[in-house]
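Note that chain A is present in both complexes that follow, paired respectively with chain B and with chain C.
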Partner chain A sequence: MKDLLKALPWIGPAVALIATVVLFPVGLMFWNSTRDISQSGVDKGGVGLDNFAAVVGFDAFWPILGRTVVWVVVVVACTLVISLALAALLNKAFPGRRLVRMAVIVPWASSVVMTTLVVHYGLEPYFGIINSFLVDVGLIDTPEGYGWTRHAGTAFAWAMVVAVFVSLPFTTYTILAGLQTVPGETVEAARLDGANGVRTYLSVVLPQLRGAVSVAVLINIINVFNSLPILRVMTGSIPGYDADTVMTMIFKYMQNQRQIDLASALSVIAFLVVVAIVAVYVRFVRPLEEV
Partner chain B sequence: MAVLTQEQTTTGTAGSPPPGGVRRPRRYTTDQVPLGSLLLRLLGGLVVLVVFLLPYLIMFFGSVKTKAEIRSVDPTYFPREWHWDNYLTMWSTPETPLLQNLVSTLVISLCATLLVLAVALPAAYYTARFRFRGRLVFLFLVIVTQMVQPAVLTSGLFREFIAVGILDTWLAMILVNAAFNLSFAVWIMHSFFAGIPKEVDEAAQLDGAGTFAVLTRINLPLVWPGIVTAVVFTFVASWNEFAASLVLLTTAGNQPLSVALTKFVGQYETSWHYVFGVSIVAIVPVVLLFMAIEKRLVGGLVAGSVK
Partner chain C sequence: MAQYKRLGGIMAITLATATGLTACGFGGSSGEESGGGTTLDLLVPSYSDATQGLWNDVIAGFEEENPDIDVNLQVESWDNLESVIATKIQGGDAPDIYNGGPFAGFAEDELLYPAEEVVSEDTLADFQPTFLENAQVGDTVYGLPFIASARALFVNDALLEEAGADVPTTWDELLESAKKVSELGGGVAGYGMPLGSEEAQAEAAVWLWGGGGSFGDADAITVDAPENLPGAEFIKTMIDEGATQADAGATDRSPLMDIFVQGKIGMQVGLPPTVGQIESDNPDLEYSVHPIPTEDGSPFTLGVADHLMAFQNDGDKQEAITAFLDYFYSPEVYVPWVQAEGFLPTTLSGSEELADEEALAPFLEVLPDAQFYPTTNPDWQATDSAFKALFGQLDSDKSAEDVLADIQAQVDAG
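== the complex of A and B ==
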């Protein structure tokens, strides 16, 4: 006990910060999810699990949940496949490689809101530059173009494209770091045995990337599940709930409807989903014991 | 468990390069690469370069167009005239007080970074250097915060900050940004501290230096790269934070640029050239900062779990 007291001045501030800004709000969120809170914020007493019943009973709940799964699975899978290819390229020697690596960092450092805004603008009918490009190359017939950002389905699809784009840098860099731990001898041995490039990659390099890949996937799942800005910008102005995920729905409860009790209930569900994903992933994929 | 593996590797490899930092890539040469595959790599590199820079080039070219040009039915890829004056006029638009938003973004990011440094540095040092009961619990707690994100906690934070009376203040977002970037900072600095051989400390202590003096005079110069990485990462992450700011800051002037710019979407006539001008101003400095710590970016993010 005495050594803990001695450590307190060093770790105390960090513990206090985590306790007040992470742990306490989690507790408060669970508590609020069982309360009836008025739009002006007055707590009118406990209602048991009624808020959860209301959230799950909402017509769009199951479609939203299904869409969230699609959102996470598609974005993370595409990100992983593209990042593996990108990392393989960036691990090879060629003139200008450093410049290309720096370019890959740009979406990582940039505000996701701003990256999404430029895509949103590009897809606008008539004056959007992506839309206009598609007209110029003959993929679209009229300059009005397809109302990409006006329809829930297409806006959601483009949001996924943006989500993959902004997830690539972190994933690519993590895999690159993994590639640098692959001993050159193992690759050369495979070459001497007559394996070609693809075969060497699949049977020698890829298995050694398991640690880097599983960590990158775990962090991506958490980030993509919790992602708000992309959908907020791309689909936020579309009426209805046809492009919502759990995360955007929480913010609709909180901001549009000012129902903090329902928002808390859905947040609790989202929080438990994240905890469950991490737990299952850590249990079966064991990313934390690799490397 | 994660914490245990971290333990074994960091203490076991004292003296080797800090595990938080990605090892320098081996020197690659292009000497023995056949010309064909070299050209293929060059081509691939060029495609990657263009694709990753394209959105930001569109932004840049758009930022110097006139409103009429950026909203013209047959849009131009490159600006017909370069209106650099947009970068002066854009700050006074009716949608949002952009100058105040810039100040808010700066103040919140700077203060959050300082707070993270003040809180994480001692914790990283002490946990890397000393064994004590509750140490593993503490490190586990730090990992857990990396798994949670502010977006999922906003409803709780909202109610908490109302109760405390700091809703819609810079302080609220300083605390949130600091708390959620703490784990990166602790892990990256922890791994640097752990990379310094203990004998260095012991030698200093024999010469009569106290714990604090050992930290400031002996260790700090050696962990400097870790500190820079933590500082840059926290600053950039706070700079771009969106979800919590959206809910916790309600007055337009208090909001950061990330939130302010979303107000242009869905306007009857969005001033896209201004949106892009502000975006360029907001993006260029943080991209340069990130490039400076490029080699160590991965370390802090995955150090907690991988190493």
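== the complex of A and C ==
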């Protein structure tokens, strides 16, 4: 107790910061999810769990949840596989490695909305550069191109491509950092024992990357689950709810229908899902455990 | 113990990221009263790049005449405007004067001053009567008609001539002309039909009302009604027969208008500012402006009026608000503002002054036949978003009846 009091001046600001920017909004979100809030933002009283019933009872709720799972699993899995390969490449000495390492950071350094918009415009019929290219090489036979972002399936797939692209730098660098802690002797020993390159990588290097990979995956899961801008730009003009994830649905409740109460209820659900995923992950993968 | 510390750290990370989206619930509090005078907060959307400058000029002029009143200007994009105002109201920080579209919800919540309490009688008498009617909730006028727009059919004369098609006045003629233009090939589309989320409600009104339907009135929203079916069915016919651009259901209006301006679309419904856009982006385009074709060829246009409204807040700024609004609506201030943005005026004196503007003439001509969205219905906001979210499904296997029924269902649930 005395120790705590002594520590207070040092941890006080951090605690205050967490309370105001993390705990308070969370509390408010839970509170709003049980209120009836008018479209202009006036609180009309408590309604218990009615908002949750309305959100879960919405026809498209379960498809949206399913699509969110697909979104997270596919994006994180692709990101991880490509990042492992990239990190292995960047760990080798070759002329110009410094430049290539810099280039990998670029998607990270530029705004996600910008990156997505560039791809989105490229996919536009009539003037998009990707469409023009596909028309010129003869893969599309309508002269104005194909409306990639006008169909739920293709728009969602392209959104995944962009999501993987912007997730690569962080994941690659986390794994690259992990690779540099792998002692050279272990690899050398494997070689001496006659293991080939693939075998060495899978049996010796990869197990030692466990810490780096599991942290990267954890943070990617949270990030990708909560990603809004990419899907918002890519699938924004599509009617109906065939390309929505939980996050874009929260946004539609909030921005389009101005149902702050329903948006809060769905946010609470999303929040609980993330907490559950992280709890399970931490319990079984122990990402912060020493190797 | 160590285990718990780690778990705590991870939870903190999760909390921080998971709440990122919903944490933006409170806006900062705006400027405090300064120097003993009154401060008016003004929240407006951006109509064009010039909007902020135009307002700054108005405010500078006003503050010169009224040195004891300060005006705080906040400009937001249309996309954000409605969530900004909702957030501000929720945080007890509503602006004093707000420029927006729908206002019935605010009036229902008793947040607004009635118009007669915040402008002088002379100013109130100068508004076009049809616009004032459209600004009432019950018998009380709450919104001050601000600027208006009307729609008309923009026709690419060169394409129609090349295809040997005539400018249509009825739907059947439109279908025929549009198909002829589409048959030119090379990516050219006959009719530009934007049913994407950006402004689906406008294209819906053009067709459903043009076929004798309506969205309802101040008391009831009636989207799922038999008189709306002909319009919805004809949209499907246009799409199925290849008279429109590809993927009409998910095409937004502004990007499609860009393609019209580039000369790749035969006909599309546009707004007064479209004239200015063509002027600056592609002045060589051979085009003309005509009334919107309807089922039986009778004249009609979709009118839209945005409104200024005054929030009551503490109730102690009524005089300052009145002074500002009367100043703004004086013709010397108001007309140049409207003219610079390329819209139509809502005041009688404004219409007189602009009567000989050539570019606005086709629109001022159709203005008497204007029909308006039922914006005074408290459910209008829900209707608007239901159209944006669902109307584009006409471009799918779904039947017109089902699409209208779904929209009605979402409105009734909201």
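In the analysis below, the second predicted complex is superposed on the first by the 280 of 291 C-alpha atoms of A that agree within 3 Å, B and C clash if a C-alpha of one lies under 4 Å from a C-alpha of the other, contacts with A are read in each partner's own complex, and residues count from 1 in each chain.
One rule holds in what follows: a contact is a pair of C-beta atoms (placed from the backbone, for glycine too) under 8 Å apart; a residue touches a chain by one contact, two chains touch by 3 or more.
Model, not experiment: these values are computed from the prediction.
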{"item": "Superposition on chain A - do chain B and chain C clash or fit", "value": "clash"}
{"item": "Partner with the higher number of touched chain A residues, chain C or chain B", "value": "B"}
{"item": "Contacts of A:199 with chain B and chain C, given as first, second, both or neither", "value": "neither"}
{"item": "Partner chain(s) touched by A:42 [first = chain B, second = chain C, both, neither]", "value": "second"}
{"item": "First, second, both or neither for A:143, with chain B first and chain C second", "value": "both"}
{"item": "Which of chain B and chain C A:211 touches, first, second, both or neither", "value": "first"}
{"item": "Touching partner for A:270 - first (chain B), second (chain C), both, neither", "value": "both"}
{"item": "Which superposed partner A:240 touches (first chain B, second chain C, both, neither)", "value": "second"}
{"item": "Touched partner set for A:255, first chain B, second chain C, both or neither", "value": "both"}
{"item": "Touching partner for A:26 - first (chain B), second (chain C), both, neither", "value": "both"}
{"item": "Partner chain(s) touched by A:109 [first = chain B, second = chain C, both, neither]", "value": "first"}
{"item": "Superposed model, chain C segment overlapping chain B, candidates 23-31, 185-193, 239-247 or 275-283", "value": "23-31"}
{"item": "Chain B and chain C footprints on chain A, overlapping residues", "value": "18, 21-22, 25-26, 28-29, 32, 41, 126-127, 143, 218-219, 222-223, 226, 228, 236-237, 247, 250-251, 254-255, 260, 263-264, 267, 270-271, 274-275, 278, 287-288"}
{"item": "List of chain C residues in touch with chain A within their complex", "value": "6-7, 9-23, 25, 79, 82-83, 85-90, 105-106, 108-109, 111, 185-187, 189, 195-198, 200, 245-247, 249-252, 255, 259, 262, 264, 381-382, 385, 388-393, 395, 413-414"}
{"item": "Complex contacts: residues of chain B adjacent to chain A", "value": "1-2, 5, 22-23, 25-26, 28-30, 33, 38, 41-42, 44-45, 48-49, 52-53, 55-56, 58-59, 62, 70-75, 77, 115, 118-120, 122-123, 125-127, 130-135, 138, 141-142, 144-145, 147-149, 151-160, 162, 175-176, 178-180, 182, 186, 236, 239-240, 242-243, 246-247, 257-259, 261-262, 264-266, 270, 272, 275-276, 279, 282-283, 286-287, 289-291, 294, 297-299, 301-302, 305-307"}
{"item": "Partner chain C, residues of chain A touching it in the complex", "value": "18, 21-23, 25-26, 28-29, 32, 37-43, 54, 124-127, 142-144, 147, 149-151, 218-219, 222-223, 226, 228, 236-241, 247, 250-252, 254-260, 263-264, 267, 270-271, 274-275, 278, 282, 287-288"}
{"item": "Parts of chain A lying in touch with chain B, wherever the complex brings them together", "value": "1, 3-4, 6-7, 9-11, 13-15, 17-18, 20-22, 24-29, 32, 41, 86, 89-97, 99-115, 117-122, 126-129, 132, 143, 165, 170, 173-174, 176-177, 180-181, 184, 211-212, 215-216, 218-219, 222-223, 226-229, 232-233, 236-237, 247, 250-251, 254-255, 260, 263-264, 267, 270-271, 274-275, 278, 287-291"}
